[in-house]
(Lines give C-alpha, C1' and ligand atoms only; values in the text may rest on other atoms or scores of the structure.)
Protein backbone atom coordinates (compact mmCIF):
# COMPACT_ATOMS: atom_id res chain seq x y z
CA UNK A 1 0.00 0.00 0.00
CA UNK A 2 2.58 2.52 1.00
CA UNK A 3 5.31 1.76 -1.43
CA UNK A 4 5.52 5.50 -1.98
CA UNK A 5 6.71 5.93 1.58
CA UNK A 6 9.57 3.52 1.07
CA UNK A 7 10.70 5.42 -1.98
CA UNK A 8 10.68 8.75 -0.22
CA UNK A 9 13.03 7.76 2.60
CA UNK A 10 16.20 6.62 0.89
CA UNK A 11 19.37 5.70 2.67
CA UNK A 12 21.03 9.10 2.45
CA UNK A 13 18.62 10.62 4.94
CA UNK A 14 19.61 9.25 8.34
CA UNK A 15 16.71 10.97 10.10
CA UNK A 16 14.18 9.30 7.86
CA UNK A 17 12.66 7.03 10.47
CA UNK A 18 11.54 9.71 12.88
CA UNK A 19 11.02 12.68 10.59
CA UNK A 20 7.68 14.31 9.96
CA UNK A 21 5.86 12.70 7.05
CA UNK A 22 5.72 14.63 3.82
CA UNK A 23 2.43 16.06 2.53
CA UNK A 24 2.78 14.53 -0.92
CA UNK A 25 3.61 11.18 0.65
CA UNK A 26 0.43 11.31 2.76
CA UNK A 27 -1.56 12.27 -0.31
CA UNK A 28 -0.23 9.16 -2.06
CA UNK A 29 -1.07 6.97 0.93
CA UNK A 30 -4.64 8.35 0.97
CA UNK A 31 -5.07 7.76 -2.76
CA UNK A 32 -3.79 4.19 -2.44
CA UNK A 33 -6.00 3.61 0.61
CA UNK A 34 -9.14 4.65 -1.31
CA UNK A 35 -8.14 2.86 -4.52
CA UNK A 36 -7.55 -0.53 -2.92
CA UNK A 37 -10.96 -0.32 -1.19
CA UNK A 38 -12.78 0.62 -4.41
CA UNK A 39 -13.90 3.99 -3.00
CA UNK A 40 -12.98 5.88 -6.19
CA UNK A 41 -16.56 6.22 -7.51
CA UNK A 42 -17.64 7.93 -4.28
CA UNK A 43 -14.77 10.40 -4.40
CA UNK A 44 -16.29 13.00 -6.70
CA UNK A 45 -15.11 16.55 -5.92
CA UNK A 46 -18.62 17.38 -4.77
CA UNK A 47 -18.76 14.48 -2.31
CA UNK A 48 -15.26 15.13 -1.00
CA UNK A 49 -15.99 18.81 -0.39
CA UNK A 50 -19.13 17.81 1.51
CA UNK A 51 -17.09 15.39 3.61
CA UNK A 52 -14.53 18.16 4.22
CA UNK A 53 -17.30 20.38 5.58
CA UNK A 54 -18.62 17.59 7.79
CA UNK A 55 -15.17 17.04 9.31
CA UNK A 56 -14.63 20.78 9.80
CA UNK A 57 -17.93 20.83 11.70
CA UNK A 58 -16.85 17.88 13.85
CA UNK A 59 -13.75 19.87 14.77
CA UNK A 60 -15.91 22.94 15.52
CA UNK A 61 -18.20 20.82 17.69
CA UNK A 62 -15.38 20.38 20.22
CA UNK A 63 -15.35 24.15 20.73
CA UNK A 64 -19.02 25.08 20.39
CA UNK A 65 -19.82 25.68 24.08
CA UNK A 66 -16.34 26.79 25.18
CA UNK A 67 -15.28 30.32 26.08
CA UNK A 68 -12.30 31.73 24.14
CA UNK A 69 -10.13 31.00 27.19
CA UNK A 70 -11.31 27.40 27.49
CA UNK A 71 -10.80 26.92 23.76
CA UNK A 72 -7.11 27.80 24.19
CA UNK A 73 -6.65 25.00 26.73
CA UNK A 74 -8.24 22.05 24.91
CA UNK A 75 -4.92 20.26 24.54
CA UNK A 76 -4.50 20.05 28.33
CA UNK A 77 -6.96 17.19 28.45
CA UNK A 78 -5.63 14.02 26.84
CA UNK A 79 -8.96 12.78 25.53
CA UNK A 80 -9.89 16.13 23.98
CA UNK A 81 -6.38 16.54 22.57
CA UNK A 82 -6.69 13.18 20.83
CA UNK A 83 -10.09 14.19 19.44
CA UNK A 84 -8.66 17.48 18.12
CA UNK A 85 -5.77 15.71 16.36
CA UNK A 86 -8.17 13.11 14.98
CA UNK A 87 -10.48 15.74 13.45
CA UNK A 88 -7.54 17.79 12.13
CA UNK A 89 -6.41 14.61 10.37
CA UNK A 90 -9.86 14.10 8.85
CA UNK A 91 -10.06 17.67 7.57
CA UNK A 92 -6.60 17.43 6.03
CA UNK A 93 -7.36 13.99 4.58
CA UNK A 94 -10.44 15.18 2.71
CA UNK A 95 -8.73 18.39 1.60
CA UNK A 96 -5.85 16.36 0.13
CA UNK A 97 -8.18 13.87 -1.54
CA UNK A 98 -10.22 16.73 -3.00
CA UNK A 99 -7.02 18.29 -4.35
CA UNK A 100 -5.90 14.93 -5.72
CA UNK A 101 -9.02 14.33 -7.83
CA UNK A 102 -8.96 17.89 -9.23
CA UNK A 103 -5.20 18.14 -9.73
CA UNK A 104 -4.82 21.09 -7.37
CA UNK A 105 -1.50 21.57 -5.57
CA UNK A 106 -2.57 22.84 -2.13
CA UNK A 107 0.88 24.13 -1.13
CA UNK A 108 1.31 26.18 -4.29
CA UNK A 109 -2.26 27.46 -3.96
CA UNK A 110 -1.55 28.60 -0.41
CA UNK A 111 1.81 30.12 -1.28
CA UNK A 112 0.21 32.17 -4.07
CA UNK A 113 -2.65 33.20 -1.78
CA UNK A 114 -0.22 34.47 0.88
CA UNK A 115 1.54 36.45 -1.88
CA UNK A 116 -1.80 38.03 -2.87
CA UNK A 117 -2.75 38.72 0.75
CA UNK A 118 0.54 40.46 1.40
CA UNK A 119 -0.47 42.98 -1.26
CA UNK A 120 -4.11 43.11 -0.17
CA UNK A 121 -3.36 43.75 3.50
CA UNK A 122 -0.19 45.89 3.51
CA UNK A 123 1.51 46.41 6.86
CA UNK A 124 0.98 50.05 7.79
CA UNK B 1 10.98 22.04 11.22
CA UNK B 2 13.18 23.65 8.67
CA UNK B 3 11.07 26.71 8.19
CA UNK B 4 12.72 28.21 5.13
CA UNK B 5 13.76 25.11 3.32
CA UNK B 6 14.68 26.93 0.14
CA UNK B 7 16.97 29.30 2.01
CA UNK B 8 18.54 26.73 4.29
CA UNK B 9 19.74 24.21 1.75
CA UNK B 10 20.25 26.11 -1.45
CA UNK B 11 23.56 24.72 -2.59
CA UNK B 12 22.82 21.06 -2.92
CA UNK B 13 19.32 21.45 -4.29
CA UNK B 14 19.43 23.10 -7.70
CA UNK B 15 15.64 23.08 -7.97
CA UNK B 16 15.18 25.06 -4.77
CA UNK B 17 13.90 28.22 -6.41
CA UNK B 18 10.96 26.68 -8.21
CA UNK B 19 10.17 23.78 -5.93
CA UNK B 20 6.87 23.33 -4.16
CA UNK B 21 6.82 25.25 -0.89
CA UNK B 22 7.07 23.28 2.32
CA UNK B 23 4.08 23.00 4.67
CA UNK B 24 6.06 24.12 7.73
CA UNK B 25 7.42 27.07 5.78
CA UNK B 26 3.90 28.17 4.83
CA UNK B 27 2.82 27.78 8.45
CA UNK B 28 5.64 30.11 9.48
CA UNK B 29 4.69 32.65 6.80
CA UNK B 30 1.07 32.60 8.00
CA UNK B 31 2.12 33.08 11.62
CA UNK B 32 4.39 35.99 10.69
CA UNK B 33 1.67 37.49 8.49
CA UNK B 34 -0.83 37.50 11.39
CA UNK B 35 1.73 38.63 13.99
CA UNK B 36 2.92 41.68 12.07
CA UNK B 37 -0.69 42.79 11.56
CA UNK B 38 -1.59 42.36 15.24
CA UNK B 39 -4.19 39.69 14.51
CA UNK B 40 -3.02 37.39 17.32
CA UNK B 41 -5.83 38.24 19.76
CA UNK B 42 -8.43 37.22 17.17
CA UNK B 43 -6.75 33.90 16.50
CA UNK B 44 -8.23 31.85 19.32
CA UNK B 45 -8.67 28.18 18.40
CA UNK B 46 -12.43 28.70 18.54
CA UNK B 47 -12.35 31.61 16.07
CA UNK B 48 -9.94 29.85 13.73
CA UNK B 49 -12.05 26.70 13.62
CA UNK B 50 -15.10 28.86 12.79
CA UNK B 51 -13.15 30.53 9.99
CA UNK B 52 -12.07 27.09 8.75
CA UNK B 53 -15.73 26.05 8.51
CA UNK B 54 -16.64 29.26 6.68
CA UNK B 55 -13.92 28.67 4.09
CA UNK B 56 -14.89 25.01 3.68
CA UNK B 57 -18.44 26.23 2.96
CA UNK B 58 -17.16 28.75 0.40
CA UNK B 59 -15.44 25.86 -1.35
CA UNK B 60 -18.65 23.79 -1.17
CA UNK B 61 -20.65 26.70 -2.59
CA UNK B 62 -18.84 26.29 -5.92
CA UNK B 63 -20.30 22.78 -6.18
CA UNK B 64 -23.73 23.18 -4.61
CA UNK B 65 -25.87 23.11 -7.77
CA UNK B 66 -23.57 20.92 -9.89
CA UNK B 67 -24.16 17.32 -10.85
CA UNK B 68 -21.40 14.84 -9.91
CA UNK B 69 -20.25 14.94 -13.55
CA UNK B 70 -20.13 18.74 -13.66
CA UNK B 71 -18.27 18.79 -10.35
CA UNK B 72 -15.50 16.69 -11.91
CA UNK B 73 -14.94 19.31 -14.63
CA UNK B 74 -14.71 22.52 -12.57
CA UNK B 75 -11.04 23.01 -13.42
CA UNK B 76 -11.84 23.28 -17.15
CA UNK B 77 -13.03 26.85 -16.62
CA UNK B 78 -10.23 29.24 -15.74
CA UNK B 79 -12.30 31.48 -13.48
CA UNK B 80 -13.77 28.58 -11.53
CA UNK B 81 -10.38 26.87 -11.33
CA UNK B 82 -8.91 30.02 -9.78
CA UNK B 83 -11.77 30.18 -7.30
CA UNK B 84 -11.25 26.52 -6.32
CA UNK B 85 -7.53 27.06 -5.72
CA UNK B 86 -8.27 30.23 -3.77
CA UNK B 87 -10.70 28.49 -1.42
CA UNK B 88 -8.41 25.47 -1.02
CA UNK B 89 -5.72 27.93 0.06
CA UNK B 90 -8.07 29.53 2.60
CA UNK B 91 -9.09 26.19 4.10
CA UNK B 92 -5.47 25.09 4.40
CA UNK B 93 -4.45 28.50 5.81
CA UNK B 94 -6.95 28.34 8.66
CA UNK B 95 -6.21 24.68 9.34
CA UNK B 96 -2.49 25.48 9.66
CA UNK B 97 -3.13 28.53 11.85
CA UNK B 98 -5.44 26.48 14.07
CA UNK B 99 -2.73 23.81 14.38
CA UNK B 100 -0.12 26.48 15.10
CA UNK B 101 -1.96 28.00 18.08
CA UNK B 102 -2.70 24.57 19.58
CA UNK B 103 0.68 22.99 18.86
CA UNK B 104 -0.80 20.25 16.68
CA UNK B 105 1.38 18.74 13.93
CA UNK B 106 -1.12 18.14 11.12
CA UNK B 107 1.11 15.79 9.12
CA UNK B 108 1.82 13.53 12.09
CA UNK B 109 -1.88 13.62 13.02
CA UNK B 110 -2.81 12.49 9.51
CA UNK B 111 -0.11 9.85 9.34
CA UNK B 112 -1.33 8.32 12.60
CA UNK B 113 -4.94 8.51 11.44
CA UNK B 114 -4.12 6.62 8.24
CA UNK B 115 -2.37 4.00 10.37
CA UNK B 116 -5.53 3.63 12.49
CA UNK B 117 -7.81 3.54 9.44
CA UNK B 118 -5.73 0.78 7.86
CA UNK B 119 -6.63 -1.37 10.87
CA UNK B 120 -10.22 -0.14 11.03
CA UNK B 121 -10.99 -0.77 7.36
CA UNK B 122 -8.98 -3.89 6.46
CA UNK B 123 -8.78 -4.78 2.78
CA UNK B 124 -10.80 -7.94 2.28
CA UNK C 1 -46.69 34.65 22.77
CA UNK C 2 -49.38 32.12 23.36
CA UNK C 3 -47.12 29.31 24.36
CA UNK C 4 -49.60 26.45 24.39
CA UNK C 5 -51.82 27.44 21.53
CA UNK C 6 -53.67 24.15 21.47
CA UNK C 7 -54.66 24.58 25.10
CA UNK C 8 -55.62 28.23 24.81
CA UNK C 9 -58.15 28.04 22.01
CA UNK C 10 -59.62 24.57 22.21
CA UNK C 11 -63.31 25.35 21.81
CA UNK C 12 -63.36 26.89 18.39
CA UNK C 13 -60.66 24.72 16.88
CA UNK C 14 -61.81 21.11 16.90
CA UNK C 15 -58.51 19.92 15.43
CA UNK C 16 -56.45 21.55 18.16
CA UNK C 17 -55.25 18.35 19.78
CA UNK C 18 -53.63 16.84 16.72
CA UNK C 19 -52.67 19.97 14.82
CA UNK C 20 -49.15 20.85 13.84
CA UNK C 21 -47.36 22.74 16.60
CA UNK C 22 -46.83 26.44 16.12
CA UNK C 23 -43.34 27.85 15.50
CA UNK C 24 -43.62 30.46 18.27
CA UNK C 25 -44.83 27.77 20.67
CA UNK C 26 -41.80 25.59 19.88
CA UNK C 27 -39.53 28.59 20.35
CA UNK C 28 -41.02 29.10 23.81
CA UNK C 29 -40.60 25.42 24.69
CA UNK C 30 -36.93 25.58 23.63
CA UNK C 31 -36.32 28.72 25.69
CA UNK C 32 -37.97 27.16 28.75
CA UNK C 33 -36.03 23.93 28.22
CA UNK C 34 -32.71 25.78 28.22
CA UNK C 35 -33.65 28.13 31.07
CA UNK C 36 -34.67 25.40 33.50
CA UNK C 37 -31.40 23.55 32.86
CA UNK C 38 -29.29 26.68 33.38
CA UNK C 39 -27.95 26.60 29.83
CA UNK C 40 -28.45 30.33 29.29
CA UNK C 41 -24.79 31.33 29.74
CA UNK C 42 -23.76 28.93 26.96
CA UNK C 43 -26.35 30.30 24.56
CA UNK C 44 -24.44 33.26 23.17
CA UNK C 45 -25.33 34.05 19.54
CA UNK C 46 -21.83 32.98 18.56
CA UNK C 47 -22.14 29.58 20.25
CA UNK C 48 -25.63 28.98 18.89
CA UNK C 49 -24.59 29.78 15.34
CA UNK C 50 -21.69 27.33 15.70
CA UNK C 51 -24.10 24.68 16.94
CA UNK C 52 -26.40 25.45 14.00
CA UNK C 53 -23.53 24.79 11.60
CA UNK C 54 -22.62 21.55 13.36
CA UNK C 55 -26.20 20.28 13.05
CA UNK C 56 -26.42 21.35 9.39
CA UNK C 57 -23.26 19.30 8.80
CA UNK C 58 -24.75 16.28 10.58
CA UNK C 59 -27.70 16.53 8.20
CA UNK C 60 -25.30 16.83 5.23
CA UNK C 61 -23.36 13.79 6.45
CA UNK C 62 -26.38 11.57 5.67
CA UNK C 63 -26.06 12.60 2.01
CA UNK C 64 -22.32 12.88 1.55
CA UNK C 65 -21.69 9.68 -0.42
CA UNK C 66 -25.11 9.44 -2.11
CA UNK C 67 -25.87 10.11 -5.76
CA UNK C 68 -28.56 12.73 -6.47
CA UNK C 69 -30.99 9.87 -7.16
CA UNK C 70 -30.18 8.07 -3.91
CA UNK C 71 -30.51 11.35 -2.02
CA UNK C 72 -34.11 11.68 -3.24
CA UNK C 73 -35.01 8.30 -1.71
CA UNK C 74 -33.59 8.65 1.81
CA UNK C 75 -37.05 8.62 3.40
CA UNK C 76 -37.74 5.12 2.04
CA UNK C 77 -35.58 3.64 4.80
CA UNK C 78 -37.12 4.01 8.24
CA UNK C 79 -33.84 4.41 10.12
CA UNK C 80 -32.49 7.02 7.71
CA UNK C 81 -35.85 8.83 7.66
CA UNK C 82 -35.75 9.09 11.46
CA UNK C 83 -32.19 10.41 11.30
CA UNK C 84 -33.18 13.04 8.72
CA UNK C 85 -36.12 14.25 10.86
CA UNK C 86 -33.91 14.26 13.94
CA UNK C 87 -31.25 16.46 12.28
CA UNK C 88 -33.88 18.76 10.75
CA UNK C 89 -35.21 19.24 14.28
CA UNK C 90 -31.74 20.08 15.58
CA UNK C 91 -31.09 22.63 12.82
CA UNK C 92 -34.46 24.29 13.42
CA UNK C 93 -33.95 24.20 17.21
CA UNK C 94 -30.66 26.08 17.06
CA UNK C 95 -31.96 28.51 14.45
CA UNK C 96 -34.92 29.36 16.70
CA UNK C 97 -32.74 29.69 19.80
CA UNK C 98 -30.34 31.93 17.89
CA UNK C 99 -33.28 34.10 16.79
CA UNK C 100 -34.64 34.15 20.34
CA UNK C 101 -31.46 35.53 21.93
CA UNK C 102 -31.08 38.20 19.22
CA UNK C 103 -34.75 39.14 18.95
CA UNK C 104 -34.98 38.16 15.28
CA UNK C 105 -38.36 37.04 13.91
CA UNK C 106 -37.39 34.28 11.44
CA UNK C 107 -40.75 34.21 9.65
CA UNK C 108 -40.79 37.95 9.00
CA UNK C 109 -37.13 37.79 7.93
CA UNK C 110 -37.95 35.05 5.43
CA UNK C 111 -41.08 36.79 4.16
CA UNK C 112 -39.10 39.97 3.49
CA UNK C 113 -36.31 37.99 1.84
CA UNK C 114 -38.77 36.31 -0.55
CA UNK C 115 -40.14 39.77 -1.38
CA UNK C 116 -36.61 40.96 -2.20
CA UNK C 117 -35.82 37.82 -4.22
CA UNK C 118 -38.96 38.26 -6.31
CA UNK C 119 -37.51 41.58 -7.45
CA UNK C 120 -33.97 40.25 -7.76
CA UNK C 121 -34.90 37.20 -9.86
CA UNK C 122 -37.82 38.35 -12.04
CA UNK C 123 -39.68 35.69 -13.96
CA UNK C 124 -38.85 36.14 -17.63
CA UNK D 1 -47.44 33.04 -7.21
CA UNK D 2 -48.69 33.51 -3.72
CA UNK D 3 -52.29 32.45 -4.07
CA UNK D 4 -51.70 30.41 -0.92
CA UNK D 5 -51.23 33.63 1.01
CA UNK D 6 -54.60 34.97 -0.09
CA UNK D 7 -56.30 31.77 1.04
CA UNK D 8 -54.72 31.83 4.47
CA UNK D 9 -55.89 35.30 5.44
CA UNK D 10 -59.65 35.18 5.14
CA UNK D 11 -62.00 37.98 6.07
CA UNK D 12 -62.69 36.81 9.58
CA UNK D 13 -59.18 37.66 10.76
CA UNK D 14 -58.98 41.43 11.00
CA UNK D 15 -55.30 41.40 11.93
CA UNK D 16 -54.42 39.54 8.77
CA UNK D 17 -52.54 42.35 7.08
CA UNK D 18 -49.90 42.87 9.73
CA UNK D 19 -49.71 39.43 11.31
CA UNK D 20 -46.61 37.26 11.22
CA UNK D 21 -46.56 35.04 8.15
CA UNK D 22 -47.21 31.36 8.66
CA UNK D 23 -44.43 28.78 8.17
CA UNK D 24 -46.51 26.61 5.81
CA UNK D 25 -47.45 29.69 3.80
CA UNK D 26 -43.77 30.64 3.40
CA UNK D 27 -42.97 27.07 2.40
CA UNK D 28 -45.63 27.33 -0.33
CA UNK D 29 -44.23 30.67 -1.53
CA UNK D 30 -40.73 29.18 -1.73
CA UNK D 31 -41.97 26.15 -3.68
CA UNK D 32 -43.87 28.38 -6.12
CA UNK D 33 -40.85 30.69 -6.44
CA UNK D 34 -38.58 27.80 -7.43
CA UNK D 35 -41.17 26.12 -9.66
CA UNK D 36 -41.92 29.18 -11.79
CA UNK D 37 -38.19 29.71 -12.35
CA UNK D 38 -37.59 26.09 -13.34
CA UNK D 39 -35.21 25.46 -10.45
CA UNK D 40 -36.78 22.12 -9.55
CA UNK D 41 -34.06 19.93 -11.12
CA UNK D 42 -31.41 21.64 -8.98
CA UNK D 43 -33.37 21.12 -5.78
CA UNK D 44 -32.28 17.60 -4.94
CA UNK D 45 -32.14 16.94 -1.19
CA UNK D 46 -28.37 16.67 -1.46
CA UNK D 47 -28.01 20.06 -3.16
CA UNK D 48 -30.43 21.75 -0.78
CA UNK D 49 -28.61 20.42 2.28
CA UNK D 50 -25.34 21.71 0.84
CA UNK D 51 -26.93 25.12 0.29
CA UNK D 52 -28.25 25.02 3.86
CA UNK D 53 -24.72 24.48 5.14
CA UNK D 54 -23.37 27.31 2.99
CA UNK D 55 -25.96 29.73 4.38
CA UNK D 56 -25.32 28.57 7.96
CA UNK D 57 -21.64 29.36 7.36
CA UNK D 58 -22.48 32.81 5.99
CA UNK D 59 -24.37 33.46 9.22
CA UNK D 60 -21.40 32.16 11.25
CA UNK D 61 -19.04 34.40 9.28
CA UNK D 62 -20.65 37.48 10.86
CA UNK D 63 -19.53 36.19 14.28
CA UNK D 64 -16.18 34.58 13.50
CA UNK D 65 -13.88 37.23 14.96
CA UNK D 66 -16.25 38.55 17.67
CA UNK D 67 -15.94 37.96 21.39
CA UNK D 68 -18.98 36.41 23.11
CA UNK D 69 -19.89 39.89 24.38
CA UNK D 70 -19.63 41.48 20.93
CA UNK D 71 -21.67 38.65 19.46
CA UNK D 72 -24.55 39.55 21.81
CA UNK D 73 -24.65 43.11 20.46
CA UNK D 74 -24.71 42.49 16.69
CA UNK D 75 -28.25 43.84 16.33
CA UNK D 76 -27.17 47.28 17.63
CA UNK D 77 -25.67 48.07 14.24
CA UNK D 78 -28.28 48.48 11.51
CA UNK D 79 -26.16 47.08 8.69
CA UNK D 80 -25.10 44.01 10.66
CA UNK D 81 -28.66 43.49 11.92
CA UNK D 82 -29.91 43.44 8.33
CA UNK D 83 -27.20 40.96 7.39
CA UNK D 84 -28.14 38.68 10.31
CA UNK D 85 -31.84 38.71 9.33
CA UNK D 86 -30.91 38.11 5.70
CA UNK D 87 -28.81 35.03 6.52
CA UNK D 88 -31.41 33.70 8.98
CA UNK D 89 -33.91 33.94 6.12
CA UNK D 90 -31.58 32.01 3.80
CA UNK D 91 -30.99 29.23 6.34
CA UNK D 92 -34.73 28.89 6.98
CA UNK D 93 -35.50 29.03 3.24
CA UNK D 94 -33.22 26.11 2.41
CA UNK D 95 -34.36 24.12 5.46
CA UNK D 96 -37.99 24.51 4.35
CA UNK D 97 -37.20 23.64 0.74
CA UNK D 98 -35.25 20.58 1.89
CA UNK D 99 -38.22 19.52 4.02
CA UNK D 100 -40.60 20.16 1.12
CA UNK D 101 -38.81 17.85 -1.32
CA UNK D 102 -38.52 15.06 1.26
CA UNK D 103 -41.98 15.45 2.78
CA UNK D 104 -40.64 16.21 6.26
CA UNK D 105 -42.77 18.36 8.59
CA UNK D 106 -40.14 20.45 10.41
CA UNK D 107 -42.47 21.59 13.21
CA UNK D 108 -43.60 18.06 14.07
CA UNK D 109 -39.97 16.87 13.86
CA UNK D 110 -38.92 19.56 16.33
CA UNK D 111 -41.86 18.96 18.66
CA UNK D 112 -41.01 15.26 18.83
CA UNK D 113 -37.33 16.03 19.35
CA UNK D 114 -38.11 18.31 22.30
CA UNK D 115 -40.25 15.51 23.75
CA UNK D 116 -37.30 13.12 23.44
CA UNK D 117 -34.84 15.64 24.88
CA UNK D 118 -37.07 16.23 27.91
CA UNK D 119 -36.58 12.54 28.75
CA UNK D 120 -32.89 12.53 27.79
CA UNK D 121 -31.95 15.56 29.88
CA UNK D 122 -34.20 15.38 32.95
CA UNK D 123 -34.24 18.43 35.22
CA UNK D 124 -32.48 17.46 38.43
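For clarity, chains are labelled A, B, C and D in written order, and residue numbers in each chain start from 1.
By our rule, a contact is a pair of C-beta atoms (placed from the backbone, for glycine too) under 8 Å apart; a residue touches a chain by one contact, two chains touch by 3 or more.
None of the values given here were measured: they were computed from a predicted structure.
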item: Interface residue overlap between copies chain A and chain C, same or different (over half shared); value: same
item: Between chain C and its twin chain D, rotation from the CA superposition, multiple of 5 degrees; value: 180
item: Centre distance in Å when chain C and chain D are each reduced to the mean of their C-alpha atoms; value: 7
item: Centre distance in Å when chain B and chain D are each reduced to the mean of their C-alpha atoms; value: 33
item: Sites on chain D at which at least two other chains make contact; value: 47, 50, 53, 56-57, 60, 63, 68
item: Complex contact set, residues of chain A against chain C; value: 42, 47, 50-51, 53-54, 56-58, 60-61, 63-65
item: Of chain A, residues touching chain B in the complex; value: 1, 19-24, 26, 29-30, 33, 36-37, 44-47, 49-50, 52-53, 56-57, 59-60, 62-63, 66, 68, 71-72, 74-75, 84-86, 88-93, 95-96, 98-99, 101-114, 117-118, 121, 123
item: Residue numbers on chain B that touch chain C, as the complex places them; value: 50, 53, 67-68
